[in-house]
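Take a look at the structure below.
Chain lettering (A, B, C, D and E) follows the sequence in which the chains are written, and residue indices restart at 1 in each chain.
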């Protein structure tokens, strides 16, 4: 197990380094001087010069990177150029929000996607399958942000059922918090549900062909046991891996969803940071997302191994 | 076509259980026909055979001739959407398996009637312990608790001679060798003392030395339990080793059947003869092997008459257009050919 | 009662010396008192300073400070505190206030509650600066302790004190009980919520989740006015929106339009400012052709808009020897700005201008402007109380925000003179004269003036819109 | 059959190939010290249990994978010493027939292109010359020249195997290595391919190396046989000698395990017990000892060397001299029932007559 | 595939939009940038079938011209992704070793930065424009093609026919071109079709954030970007682009699924 984890980490590190170098150089190439933006409307040259110096914006890029990386390794991601808040604090503030959104979206996605996938695989070729597939495809084809806008228009503006925005922390007013997150989570969840449904369906179809499913039937087991125990238990393996990948999709989706529902989460943080050329934040957030993504994949792999007896020895 | 089909299969009820049998009829398949979606003809066409307690019937034939489909149809394990049973019945313990409700069939499967498959590598569910998989079969059909089911599984493991059975119960399939897995499959199949065991090429995927072990084991277990066995294979060596009766299939039809000695010593159908003579043997002198020209036709290429006609060295015009009737003599040896016995052709002089 | 205010953006650093955003100023209005304040008519009135007077040479400003004022941490407000504040603004490395206070040479504590500002040269704009962030007084105890970290827990002497902030989510303030004017404050707390999307902001107002919102979209005004439980409070802003033309900023200034003021005049003439306002802003904003809005006392009525005149524009073009001129305009890539750009594009076409819109993110736009990497740039100014703040920096030779690199000694002299007198009538004369020149040279073509549109729920009383766009909470009641 | 002059075409010296298995870091000893030499013109067969390195050995012989240790010498030259260009040239002479005719032909190429490709690489034939040659080759393996236009999926397994053989023959090889060349085919078709290979062998003067698990096929085709167990050769002998009187207990067990198509035959000998040990952890001493009915103490400790046991036979067994092992045996070797044999003969005559008539 | 009704439907949708995009200049419509300040945000009517937008432009015309941008964005960016990604995938999969390690780590890095974030950063870096959005989307979609190709190559590489090609002495170039590429092509084609769908949505998203097509030229995403400010007063402005995106994307998805069924028997 340790060996396996160590090996996985060994691979993750170069990935992270590449991510950070990549983002770093991207920022350096971006037009727009952060010092000018920070200096404000007045653009006082003295201030600009000072800011350039303060944030090492004049140093050669590799040096800047080394400086940044040196601190990052020690857990210091620097400060936001815009608000001077430590990037880590910002991330600490935003992360729970996006996690709440992501978790709710995931719950919705799983609650819809998996059962729908199972049913349509089992009923392959029937109207049920056809309809489920079409709905799933529609879910994939409707732009997230458009769905969001339309929902706001319908549910909030016209019907007044749910608030259009106004994030409330879970710790403050749990019910209200969930209520405000419901629509965004739904918007985000449906697309995921569609992906999940399609993958569940195909995994199920694959496993349904397997000899051991025939064996289970030959034992005289009922269809329900055959499907839910013998088939799904195997089909779940690729879904585990997929779920980790979906996490990336989720974050990307969160960018727009948060923008539309003005949820103060990660997605909004990064978009604002990019537009404001708040480099330390961009860098920190991308790094965190990458770490998150890698961690998710890592957990998925471990889960995969745990769920898959064939792999257990390799731990 | 279908009229002839009924005729072909209907005239004889497969190898008689009389004479060589030592038990009551367990399974009687008559006139079974199966058609796959999108195919022009019945892939399995009028197959009939009878199986008696304590006896082994071997179904032989080349790949793709319908052996597995026949057995799966009997177990009602064919995919319902892709495969339609167009005619026939499969009487097992006085009930027609082909017409039972799903619930009823589930009650029979794995209990009175069990099956072993070809690929021990893929026939066991990789994510469950083998012991549990066997116990599951027990628990499904007998009102027993977990512990008892596991006890039974252990007992079965012993019976199929798995070394260190207690430990093996908790192994996962991938931790076992092919031979061991096939033993587990056998244990699972026999756990509820079935009346009928269907084994679809149980040893093809195994090494010869292991194959010998498994065949021996199956024979022993059958002797103990008195179950009937339908063994599917394409290896005539295995047939000679284990069969009491043989049915030779070609392109979805049984072309010849009878007691094993008769088939080997007095093969009648040109296909049976071709099959036997094209096998290289350990003892045979070197030289060119006899061959069956061409290859098995697909359902789209089946000739309207005898399906072997396209490859048969003795075929005449009639063979291509008329389905030969399956006729049986008193020893239970039967075949479907217009041209038998082939000696007469030779005497009549030359070939077409 | 807690007042919930929806803002169009998130505030930046909550330190008046470092702050640079408009919304930040809104928050400071509740958090930090200034030395002086303005009325809706832009008259300067006392706040922390009760009285002030200028020395004869106009180089010393003496202020009497309000007594009995405490900062929110209990520190007493006095002349020493003012001195410390001004010095911080002038010396803190990160300070964005330096340029606003350059005229101050030194600050003298002339008594517990008397402070004297000694200037390098006369500066008529100073009082106006004191009505803004430069005049905001922070607790010296707090900023000495926290240094530049002051922003994480800002302490001033305003009516509300800082409670909590979640970036991009909320800023919470509560009533400061020790406030000198506490009677006027009728709400217990105020929360600012940044909601950039105008539609969302408005729908939150409608649903009652917000009490006041900043910057209602002009196109929504009609609907809001029909809604029973909300209404609009508005005031034309101090700022302007216009097109800055590159005249001499690097090689990019060497274009027909940069070289030839006749073309610039033709361009200005081919724009129908009222139509622009009508199309894009439903007529809610204010069309304009000067750095000051028509509502401003500094507006030169004699030079009011001549209106669109394509024929004249064409004639000017001909005179300049041009039939067709291709132009490229940098524009911020936000929907509204781009709408303006598109309307302009089709307006000036008949005169022979072929305008290419080059949308850029605001950040890139600013950098491009500074670097001279533009031909035309669609950019505006949020406005200052003193007229100088809307003009001097943009047109004086070599001034910091003079992206066009326009330079005219006559204009410079007029502006300098205007700066050095305290007499408003005289000052206006100078500005008018400068304007006259600028309207010919046109380094900046002014287009319109934004109107601050506040959406307010019916149960909120006492709220008034100010030209500076601030939300003043004195006298505001809820329910 | 072979004359006394030993003309070695291909020879291996202590050939070893290990694979590291998955994540566990353990080693699969697929081929573990194999030395053999193949004489020109003979059919050399290698028998071993399935899943334990047949294909690996075949690939090593052609240097499609690199050995972990040891050498392969072809026509006196060490393959691993050849430059890429020389290796290419050598490949023209050393050809390969795969086990699975369904995966060994590129599905996106026509049969003509497939068979013609070696001609492009190894000969300077013009396009039209190539066409002619491809036609000849296809006809030679029992297909028709016009089949060149078709794609592999339009053929049956046997036909594909013919295409694969035609392709292998195109570069005029001297050695043909077959990795289970017939095991994926049905008996009837298998016989066709075996016949074809025998014919081609004499026509083209080929040396055949056949790796297989089916002893009957091997007996039918080969001149000499090497029996491998767990990556090592345990016996190497001329085919007749090996089948009549095996020198190694494993050979004996293999022969005994073959089910013979002769009903009512008495069981001969005990079936070999035990399981095939994992190549990850082969047993100590003689690798066969845990399953060997003749094993003595020494076998568990000492590894037997492959030693001469008279008349071109090599055996790796400590007890080789003491044991007298059962071969195929009279009962098996003897003909079947007279009536059946007559019919077989009749069938053969007709089948060949028809083939000749129609071909 | 022609027997698959849903794939045919998808094909029809895609063809319809392609036809519209190609025919845009010759359709009897006002220019997409022709403003009419007398008809601002008018609901659908006989004069303007789909209504007008905030500058009084005919929405039908803008939708038609917007189809160009959206389809271009979809197709060009996927083209970029394929042209860049597939060769890397081929090389990584075929040669393995350190080349593979390097390419794979870079791909991992790109993949672990969410697609849209990457696209936003790139688009912001390159400056907002349709071309740059296409480049950004193309580059962000590229890793998927590297991975897919690599995976396919790894699978195909072990096929006997590839080994056979080596056995007859073919060089790497020929093996890659004639043995590997044709056999990995089908899944790449399928993925490409499906990615066109994703790319169209990505373009819309970037345009929605103001980073795609720039005014006055229309694209569905930028139309939505404008429309979101007038949801209340002129909901049709948001309706049409949304529906169009939905239809064209579902068209490509159905087409891709159909192709998959036809070319690649494995499901998803």
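The definition used in the following text is that a contact is a pair of C-beta atoms (placed from the backbone, for glycine too) under 8 Å apart; a residue touches a chain by one contact, two chains touch by 3 or more.
All values derive from a computational prediction rather than experimental measurement.
Visitor: With one step meaning two chains touch, work out the least steps from chain C to chain D.
Guide: The fewest touching-chain steps linking chain C to chain D number 2.
Visitor: Just list the two chains that share the greatest number of C-beta contact pairs.
Guide: The largest set of C-beta contacts joins the chains B-D.
Visitor: What's the distance between the Cα centroids of chain A and chain D, rounded to whole Å?
Guide: The separation of the two C-alpha centroids amounts to 54 Å.
Visitor: Quick check: how many Å separate the C-alpha centres of chain A and chain B?
Guide: So the centre of chain A lies 53 Å away from the centre of chain B.
Visitor: How many Å are there between the centre of chain B and the centre of chain D, using C-alpha atoms for each centre?
Guide: 31
Visitor: Between chain B and chain C, what's the gap in Å when you average each chain's C-alpha atoms?
Guide: Their C-alpha centroids are separated by 91 Å.
Visitor: Of all residues in chain E, which are in touch with two or more distinct other chains?
Guide: Chain E, residues with two or more chain partners: 124, 127, 228, 231-232.
Visitor: What residues in chain A touch two or more of the other chains?
Guide: 30-31, 152, 157, 259, 275, in rising order.
Visitor: Residues of chain D that touch two or more other chains: which are they?
Guide: Correct list: empty.
Visitor: Using the touch rule from the top, collect the residues of chain C that touch chain A in their complex.
Guide: These residues of chain C touch chain A: 10, 12-13, 18-21, 93-96, 98-100, 148-149, 151-152, 166-169, 193-197, 199-200, 203-204, 206-207, 209, 360-364, 366-368, 370, 381-382, 393, 400-401.
Visitor: Of all residues in chain A, which touch chain C in the complex?
Guide: 30-34, 36-47, 50-51, 54, 82-85, 90, 93-94, 97, 152, 156-157, 160, 163-167, 259-262, 264, 268-269, 272, 275-277
Visitor: Where on chain E is chain A touching in the complex?
Guide: Interface residues on chain E, with respect to chain A: 6, 105-106, 108-117, 120-122, 124-125, 127, 197, 201, 204-205, 208-209, 221, 224, 228, 231-232, 235, 238, 241-242, 245-247, 249-250, 253-254, 257, 266-268.
Visitor: If we count contacts the way the header does, which residues on chain C are in touch with chain E in the complex?
Guide: Residue positions touching the partner: 197-199, 217, 219-220, 223, 275, 278-280, 333-336, 338-339, 341-343, 345-346, 357, 359-361, 364.
Visitor: In the complex, go through chain A and note every residue touching chain E.
Guide: The touching residues are 11, 14-16, 18-19, 22-23, 26-27, 29-31, 130, 134, 137-138, 140-146, 149-150, 152-153, 157, 198-199, 201-202, 205-206, 248-249, 251-253, 255-256, 259, 270-271, 274-275, 282, 286, 289-290, 293-294, 297.
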